[in-house]
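Please see the structure below; I have some questions.
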Amino acid sequence: MTLKKEHRIGRHATLLLLMEETHELEEITKQLNWKSCLGKVGSMDSQKVVAAIEVAAKQQGIIKENLYRESHALYHAIMEALHGITRGQMQLGSVMRTVGLRFAVVRGNPYEEEVEGEWLAVAIYGTIGAPVRGLEHETLGLGINHI
Amino acid sequence: MTLKKEHRIGRHATLLLLMEETHELEEITKQLNWKSCLGKVGSMDSQKVVAAIEVAAKQQGIIKENLYRESHALYHAIMEALHGITRGQMQLGSVMRTVGLRFAVVRGNPYEEEVEGEWLAVAIYGTIGAPVRGLEHETLGLGINHI
Amino acid sequence: MTLKKEHRIGRHATLLLLMEETHELEEITKQLNWKSCLGKVGSMDSQKVVAAIEVAAKQQGIIKENLYRESHALYHAIMEALHGITRGQMQLGSVMRTVGLRFAVVRGNPYEEEVEGEWLAVAIYGTIGAPVRGLEHETLGLGINHI
Amino acid sequence: MTLKKEHRIGRHATLLLLMEETHELEEITKQLNWKSCLGKVGSMDSQKVVAAIEVAAKQQGIIKENLYRESHALYHAIMEALHGITRGQMQLGSVMRTVGLRFAVVRGNPYEEEVEGEWLAVAIYGTIGAPVRGLEHETLGLGINHI
Amino acid sequence: MTLKKEHRIGRHATLLLLMEETHELEEITKQLNWKSCLGKVGSMDSQKVVAAIEVAAKQQGIIKENLYRESHALYHAIMEALHGITRGQMQLGSVMRTVGLRFAVVRGNPYEEEVEGEWLAVAIYGTIGAPVRGLEHETLGLGINHI
Amino acid sequence: MTLKKEHRIGRHATLLLLMEETHELEEITKQLNWKSCLGKVGSMDSQKVVAAIEVAAKQQGIIKENLYRESHALYHAIMEALHGITRGQMQLGSVMRTVGLRFAVVRGNPYEEEVEGEWLAVAIYGTIGAPVRGLEHETLGLGINHI
């Protein structure tokens, strides 16, 4: 149950968002037989952020749509990432703020032992701030869950 | 008050932790007249994580030790980063978990307008888990504050 | 001020929701001169859950409608029960989830000493999950307050 | 992915704590090939509550000690149950309160579809209050996670 | 159930802490047959803050020591006041901060209707900051509960 | 970096709300070259409370409208004050409660050292309760931030 340095899915998901050139990262995804997807969402409505990530992960085959255990794993990974994004209250419009975000979901086994199975990483990066253009700063969140 | 794409201090601080080769990033720091520092801390004691970042930022001259407004700015940036690390309760040992973390603090102006002044980014990345070697997964947090 | 084993109103309220046959429990309610009511509510709107319990408790005479101290006692007992239901953020639709719940409110004196007076127990049990039929699991909450 | 009425592991775990006669429940556990364990813990130290449940679940074979994904599933189910127990801050002694608790962990498949696999329920019930005998009331928490 | 303007116990408790001359306020307390007490506590240990208020309120006869319903009412009023003091996590030393506080507890009926009975106000005011002299700012909290 | 006793902006902002006669306080504001504003807002919508304070502070020149660092400082001071107002979840209508509030924003230097620069205090005082006239009690919050 040791994290394999080259298989850190959280770091991988975050770099997919932060690096300008992601070709190399996508090569790794392929080689390791991982699955990953990218997306973006801007809203004052926290519900839309959750939905955008869920829809992307399902439509791009990262998780199986009809399997609740996979939806459940993804949901909690999203919630954990949103703790980093919202830092205190998981609220956007209701505390008068809005976000412009990109997200990456990666599914793979980050551990040396194969028996540890698959895990999910949800990384979210973008800006948060007042609903006025420019009154915003960066924000970042990462959630990890077993699937 | 527009975030300058090349001046995103949060992204910069996070990449300082995630990339193996940080030479290029440090060049940017120098060029832009930013200040940055790196450090690491492992503990079950959340207090030690806060203290390690505060001490590093003061000793390496990122903030002025005797100026409360700078300590105050750093403290809240650390707290925000710890929301991402702890995802719900800002507790470690008291909920039976431990962390092994590296952190980066970056001080600079991420906005196009010079009048927006200096801001701080605190990025933290590492592992969180049970106090048993290997029973852990990745965790990441980012806090941003004006200084 | 010792909790009387047979007078545990929290256990009583929870069993009213979990047992198929509640006749015996209702007998106890009568014998002890307690008051209790049952209800159900399904919603993505947390406000409706609070309102459903408040309305039921008032209409069925568990608390006096026009006495604020009783409304206040009930409100905080509901909030505490919702902590168990929502486990982190007291939000439903705004974090893309919905509930199907039954609830019980019991009013009585659970302590050996009569001077401890009346207390309220609010128990809530049901399912929580995505707004898709079946993508849900059980959830349970209990709130206790003096009245 | 429909919850099977007779297979509700959360209700089952809670009844194991609340009913005086649990023989029938244990029969069901056996029949359904579920696993369950019971334990108790009293402390002002939240860490000890977490540890007591983890140790019991490992020693009694509910989860595999060396498999991180199972420890991770259990940990988050415990955390969710503690939200119900602590209702706001996951703290005990540090906010001057203590608990006397019994807990049940149940592992089984609560869904009609076999493909939904195994889930964990952690139920906790007991008293919470001031560190003075008798100054306490009931408290209850339930956590559910896929494993 | 209308709040009587002259009987606002929360305002009264807060003014007891903020005004230099409290003679007039104490006159009001006497006239209205209210009870009030004042105290101070400085600590990095949140437990000591709770204990200091509880001990003062009991020793000065604001609440009855052996009556759990009064202890319970006070405890939750303290917790609510601490939300204002700590603003996010009810932690002091564990997030590397300390407080120097004065507090006031007032017991009386703030409503026009006598039937609304007695209520408690706990006001806390002082400084919060790093465990270094001067690195601190003001903080204030108020909790109200029926008793 | 010592708080000057006569320059405590948090106490000042709170007294502006609690005292009937504020003439003396306004004299101090003028003498010290501080800025302050007052306003009121009643709503079940937490967003409106945030917006009311932001709008008042901008329109009355307490902060510069187009400077993000000042908006950011104010926003976090408001959030901190709302912790005191809401005591647990920063939600109003979504947990079935409403507020009637007055607020004061004060900008000034509360420290002996001029180098500590300007700080903001946001004080909020009023009532919180059910959306029924009279079913409400007092609530108070204070946020402090460097600007």
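In this document, chain identifiers A, B, C, D, E and F correspond to the written order of the chains, with residue numbering beginning at 1 in each.
Throughout what follows, contacts are C-beta pairs under 8 Å (C-beta built on N, C-alpha and C of every residue); 3 or more make two chains touch, one makes a residue touch a chain.
These are the chains along with the protein names UniProt gives them: A, B, C, D, E, F = Hut operon positive regulatory protein.
Since we're looking at a predicted model, the values are computed, not measured.
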Any chain that touches chain D and chain B: A, E
Listed chain pair A-D, B-D or B-E that repeats interface C-E [over half of contact pairs the same by residue number]: A-D
Comparison of A-C and B-F by number of C-beta pairs in contact, larger one: A-C
Chain A on chain D, rotation in degrees - Cα superposition, rounded to nearest 5: 180
Shared interface numbering between chain E and chain B [over half = same, under half = different]: different
Rounded Å distance, chain A centre to chain B centre (Cα mean): 20
Chain centre separation (chain C, chain F; CA means) in Å: 36
Where chain A and chain E are represented by their mean Cα positions, the distance between them in whole Å: 43
Two or more partner chains touched - positions in chain E: 1, 68, 72, 79, 88-89, 91, 94, 119, 134-137
Listing of all chain pairs that touch each other, if any do: A-B, A-C, A-D, A-F, B-D, B-E, B-F, C-D, C-E, C-F, D-E, E-F
Chain D partner contacts - residues on chain A that touch it in the complex: 1, 66-69, 72-73, 76, 111, 115-117, 119, 145-146
Contacting residues of chain F [partner chain E, same complex]: 1-3, 8-11, 14-15, 18-19, 79-80, 83-84, 86-88, 110, 119, 121, 123, 125, 127, 133-144
Touching residues on chain A, where the partner in the complex is chain F: 88-89, 91, 93-97, 129-130, 134-137
Touch list for chain A against partner chain C, complex: 45-47, 50-51, 54, 68, 71-72, 75, 79, 82, 89-91, 94
